[in-house]
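Okay, got some structures for you below.
Presented sequentially are two complexes of subunit A, the first with subunit B as partner and the second with subunit C.
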Partner chain A sequence: MKLKRVTFQGGVRVPEHKELTEDKPIEVLPEPELAIIPLSQHTGKFANPTVKPGDRVKIGTKIGELQGFISANVHSSIAGKVVKIDEYPHPVGTTVPAVFIENDGSGETEEFTPKDWDALSPQEIIETIKEAGIVGLGGAAFPTHVKLSPPPEKRFHSMILNGAECEPYLTIDYRLMVEHAKEILEGGAIIRKALGAKTAYIGIEDNKPEAIEQMMKLAPEYDFEVVVLRTKYPQGSEKQLIKAITGKEVPSGGLPMDVGVYVQNVGTAYAIYEVFSKGKPLYERGVTVTGKVKEPKNLLVRIGTPVKKLIEAAGGYSEPPGKLIIGGPMMGISQYTEDIPVVKGTTGIVVQSAAEVTLPLDLPCIRCGFCVDVCPMGLVPTLVADYVRVNDIDAAEEWGIMDCMECGSCAYVCPAKRNLVHYIKLGKTIIMKRRK
Partner chain B sequence: MAPLILKAILVLGGLGFVFSIILGIAHQRLAVPVSPKEKAIRDVLPGVNCGACGFAGCDGFAHAIAEGRTDIVCPVGGEEVMQKISEILGIELGGVVPKVAVIRCKGGTGIAQPKYEYYGVESCTAAKLLHRGHKICEQGCLGFGDCVRVCPFGAITMGENRLPVVDYSLCTGCGKCVAACPQGIIELMPRANPIYVACKTTLPMKQVRLACKAGCIGCGLCEKVCPEDAVHMEGRLPVFDLDKCTRCGTCVEKCPTKAIVIAETEARVASTTTSS
Partner chain C sequence: MNPSTVKLKVSVAPHIRSVDNISRIMYSVIAALMLPLVGAIYFYGWCALWLTLSGIVGAVLAELIVNLIQRKFTITDGSAIITGMLVAFNVPPGAPWWLPFAGSIFAILVAKAPFGGLGYNILNPALAGRAFLMASWPNFMTKGWLAPIRPAGSTVSGVATITTATPLGVAKLQPKLASMLNTPAALKAMFIGNVGGVVGETSALLILVAALPLMFKKYIDWRIPVFYIGTVFALTGILYELGVTPLSPFAHVLAGGLFLGAFFMATDMVTSPVTRKGKIIFAIGCGIITVAIRIWGGYPEGVSYSILLMNIVTPLIDRKVRPRRFGT
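On to the complex of A and B.
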């Protein structure tokens, strides 16, 4: 069957390396002896700890209560004793308070009560999702209940399940789509009911034929339309996905809700399915461990497991590591320690050897314009970065620095190996500080 | 050829003449009245528009003073300038304690241990974005010179060991570097030979030695040896009572990690007192 493949303007083709793990079924990683669960695994305010050192918790016990509008609940991923609550490094590069839980090996769980979503109102569905601490599992970790409750004047007419998984190396969404296609669609149907969206799509890149086939078979049952996307980075970015599937462009500075489209990662849809079918809050997630490890694999990991355990489960390093990245190689963040915990937004762990690491040289721009061609947001990355470099932040803002999503396409193609994304991140930080 | 040149001269000259008349009239009609007092004040100000007084530039400051504000000072001009302004206004204005910027970190290259290799943008603010900087001590100087670039007086240079050095003869205490430093380790202190502990670490005492050879380990020896009772441990770090301290240097000598510093600004202070 010949399919129409859609895409967006700009972007880059990057070596995929998905062959390392795409055929590896998701394995369950044993519980860690010590789970370090950060109280901020989401965009927005920290969760307030609801436990104190010495308390006993079970699997699924709420240990952090959301505070403020944009925030999410945090649940214990193991049963045991709370040892301490202390500042701890977080994969995104900050230090946040975290709850340290020592495993007592009992594996005792809270009583989970499944809910029949068909009988619930949209508001009740959103409330259940909020209670379960669901956040976007595609990496950005935006609290799902907030995304599901837009201001009253905005309405969602369509929704898209995001199965693009455009980051190289990562295959966890693909494995989920192959192994749990039905559950993902069911989760999608729950979201759809909460939104009241008329049309629903599931977008998958054409390098995942098995997932497309699975979804094609099951989608009609749930009234979802499978859309095949051309394999190109960053196809899985919200705005690019909307452009490719619906042809609509999110205005500068706007959000997808401005065009009435809701996008949710397939992993999140699966987690939502589990909330309703099993009553299970979000305390574990799938993580791809890949790159220069002996046995790359896809793992189901308890939140708070140190990265070291995942590397061990993958047989250890196959070469002396040059870079340890949490997330994909394009947008992920390099880590300096293996003791960093897996959080809700951890999609994968990529190990690169020293030889594979390309260091930014930050040579002068040769005005080739490659970055302009590939920028999916239609910006002029070299100019924006230069404005930040000379500290002309106003000009950088005028040239759309805040529209940049830091996908890294520009830095990837830059022949001068300029630190484009880092300059832009710096500029954004300065602007955010000013706005406060 | 000649007529063409002539034409050009005539046209441009004519235009220039007409415009000059228009400008002349506009200057008269639209002039913003500036009080002679304000102008006189503006003339005695340093004129670097550094913003240390809290106004956007010297004009703003001069205007505010002329309007009758007495609660503001020009920290850069110091006593000398404020004295002159007082003379112009004929009233007594509040005195200025001249200040200098001090760098409260001694953890340069080779002294403070790195957490990871950093290859990003050469800016402290940018380096701090990634795991709070590339040194184990998260309060230490990152060494990319955000303070050097921001100093309007050229008073800060980057030392060989990647620690900024303040030239006290040029520093006016405007505080621009204080605002620019993402680590908050630059502080303004009274100019007369300030004494301080050049460390702001929050690391537990045991870990300091591993992180930095020059870090304060919080032993409290300075408090014990001080003959004037001018040093007291407040939490993790010693705090100096600048009025009691005689700058005898006992604590500086005894400090096991040599973390206490007396900034040598004496020469400058002496010269200003003799000149005024």
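On to the complex of A and C.
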């Protein structure tokens, strides 16, 4: 069957390396003896701890209560005793308060009560999702109930399930789509009801034929349209995905809701399905463990499991490790310790050997224009970075620095191996501070 | 739990980079330039090789001096070698051996290093070197055209009579003879390269073949040669029809240094605009100025000065011509 493939302007073709894990079914990783569950695993305010050292918790017990508008609940992923609540390294590079839970091996769970979403109102659906601590599982971890509740003047007419998974190496969304296509679509149907969206799509890159086939088979039943996307990074970026599928451009400085389109990662849709079908809050997620490990695999992991355990489960390092990346190699964060825990936003762990590690050389720009050609936002990255470098933040802003989503396409193609994303992140941080 | 002791490196994403790097681009260009060099040796003899080596030695030596002063090691990036080659490609094959050497020294020491070295120079160093030679030793730069050592044969009699001048020189000084250059045989000779000219410009064919893989790799942007040569063709076509120039647009395109300039000098990344739109404007500007100099200017050829002038305009183009931002 010849399929029409849609895409966006700019972007890069990146070696995918998905073959390492794409045929590995998701395995369940045993519960950790000690779970370290950060109270901030989402965009927004920390959750307030609702337990104290010495308390006994079960699987699914709420241990952190959301506070403020943008925040999310946090649940225990194992049954046992709270040993302490203390600052602990977080994958984003800072330390945050985390709840340490010692596993008692009982595996006892809270009583989960499934809910018939068909009988619920959109508001009740959103409430249920909020209670379950659901956040975007594509990596950004934005609280889903907030995303589902736009200001009253904004309406969503379309929704897109994001199955692009454009980051190299990662295959967890792909495995979910192959193994749980029906559940993802059902989760999508729940989101759709909460939004009241008329049209619904699921976008998948053409390097995942098996997932496309699965979804093609089942989508009509849920009135979803499967859209095949050209494999190109960053196809999974919200704005690029919306452009490719609906032809609409989210205005500069705006949000997808400004064009009435809602985007949600397929993993999140699956988690939402589980909230309603099983009554399960978000305490585990799929993680691809890949790169220079002996047996790369896809794992179902309890939140709070130290990354070290995942590396062990993958047979350990196959070569002396150089970088440990949480997320994909294009936008992931390199870690300084393997003791950090898996959080809700952890899509994958990519290990690079010491020999593979490329550190930015930051040579002078030779003005080749490659970065301009690949920038999916239509910026001139080299110039924007230079303005930040010489501390002319106003000029950087004038040249659109705030539109940058830090996809790293520019730095990827740069022959001078410049630290473009670093300068742009710095500039954005300075501007955000100023605006406060 | 014992803290892990694995030593890990940390840096900002992305954690993977493409294989392209500065020296890879530079050495690819050097490899491509070997083809016109071989052509030059074929048509003009070994003098073409000695001149090219003299240019390279001059440029590399100058870069070395700059490196020693700045205590910065850039000599291996290959850019100086390109400068040296291109300076040599811009002198007549009969020029004294030291001419490209002097031009290359000027290119690196005056046009490149004081501006901050590779990436910061405003003018194409090789063309600045050529302009320096034009101003300092005009005699050597405008004479010393060698007849190609491959006799063109009786079929290209038109060109054969003027073998010791360049086609554009003929058009400028002896317009009556110029119509001979419009014949298919003459055009073919110019395309192949069997005519008088500077070392590297002689064969349009070899330059085209050398440039193709580079365009495929995007090491040179196809827009610049296409719009540059297209502009020259269109303008000279009109002017030929109006009787302003005796040379047909085909002769204008194939004669002189247009191919060398359009494919290998105007495309210099450092001195051309960074945006696609900007590159097109730059190339059209080069075309207009080239035609203006050829037809109304004092020199028979205008390629190098047109590129130098557009080099100067490049920062302005980059400031004014922005890509369309997503969502605007």
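Simple rule for what comes next: the second predicted complex is superposed on the first by the 436 of 436 C-alpha atoms of A that agree within 3 Å, B and C clash if a C-alpha of one lies under 4 Å from a C-alpha of the other, contacts with A are read in each partner's own complex, and residues count from 1 in each chain.
One rule holds in what follows: a residue touches a chain if its C-beta (ideal position, glycine included) is under 8 Å from a C-beta of that chain, and two chains touch if they have at least 3 such contacts.
As the structure is a prediction and not an experimental result, all values here were calculated from the model.
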Clash or fit, subunit B versus subunit C on superposed subunit A: fit
Spatial angle subunit C-subunit A-subunit B, Cα centroids [nearest 10 degrees]: 70
Subunit B versus subunit C as contact partner of A:P360, first or second or both or neither: both
First, second, both or neither for A:I430, with subunit B first and subunit C second: first
Partner chain(s) touched by A:T95 [first = subunit B, second = subunit C, both, neither]: first
Contacts of A:A395 with subunit B and subunit C, given as first, second, both or neither: neither
Of subunit B and subunit C, the chain that contacts the larger number of subunit A residues: C
Partner chain(s) touched by A:Y336 [first = subunit B, second = subunit C, both, neither]: both
First, second, both or neither for A:E249, with subunit B first and subunit C second: second
Which superposed partner A:N419 touches (first subunit B, second subunit C, both, neither): both
Lowest inter-chain C-alpha distance for subunit C and subunit B in the superposed arrangement, angstrom: 5
Common interface positions of subunit A, toward subunit B and toward subunit C: 333-336, 359-360, 419, 422, 425
List of subunit A residues in touch with subunit B within their complex: 89, 93-95, 333-336, 359-360, 362, 389, 391, 419, 422-423, 425-426, 429-430
Contact footprint of subunit A on subunit B as seen in their complex: 115-116, 119-121, 123, 125-126, 129-132, 138, 149
Subunit C-facing residues of subunit A, complex: 9, 12, 14-15, 34, 168, 239, 243, 249-254, 306, 308, 317, 321-325, 329-339, 350, 352, 354, 357-360, 363-370, 372-373, 375-380, 382-383, 399-400, 403, 406, 408, 411-417, 419, 421-422, 425
Partner subunit A, residues of subunit C touching it in the complex: 1, 3-4, 6, 8-18, 20-22, 24-25, 116-120, 218, 221, 269-276, 279, 318, 322-328
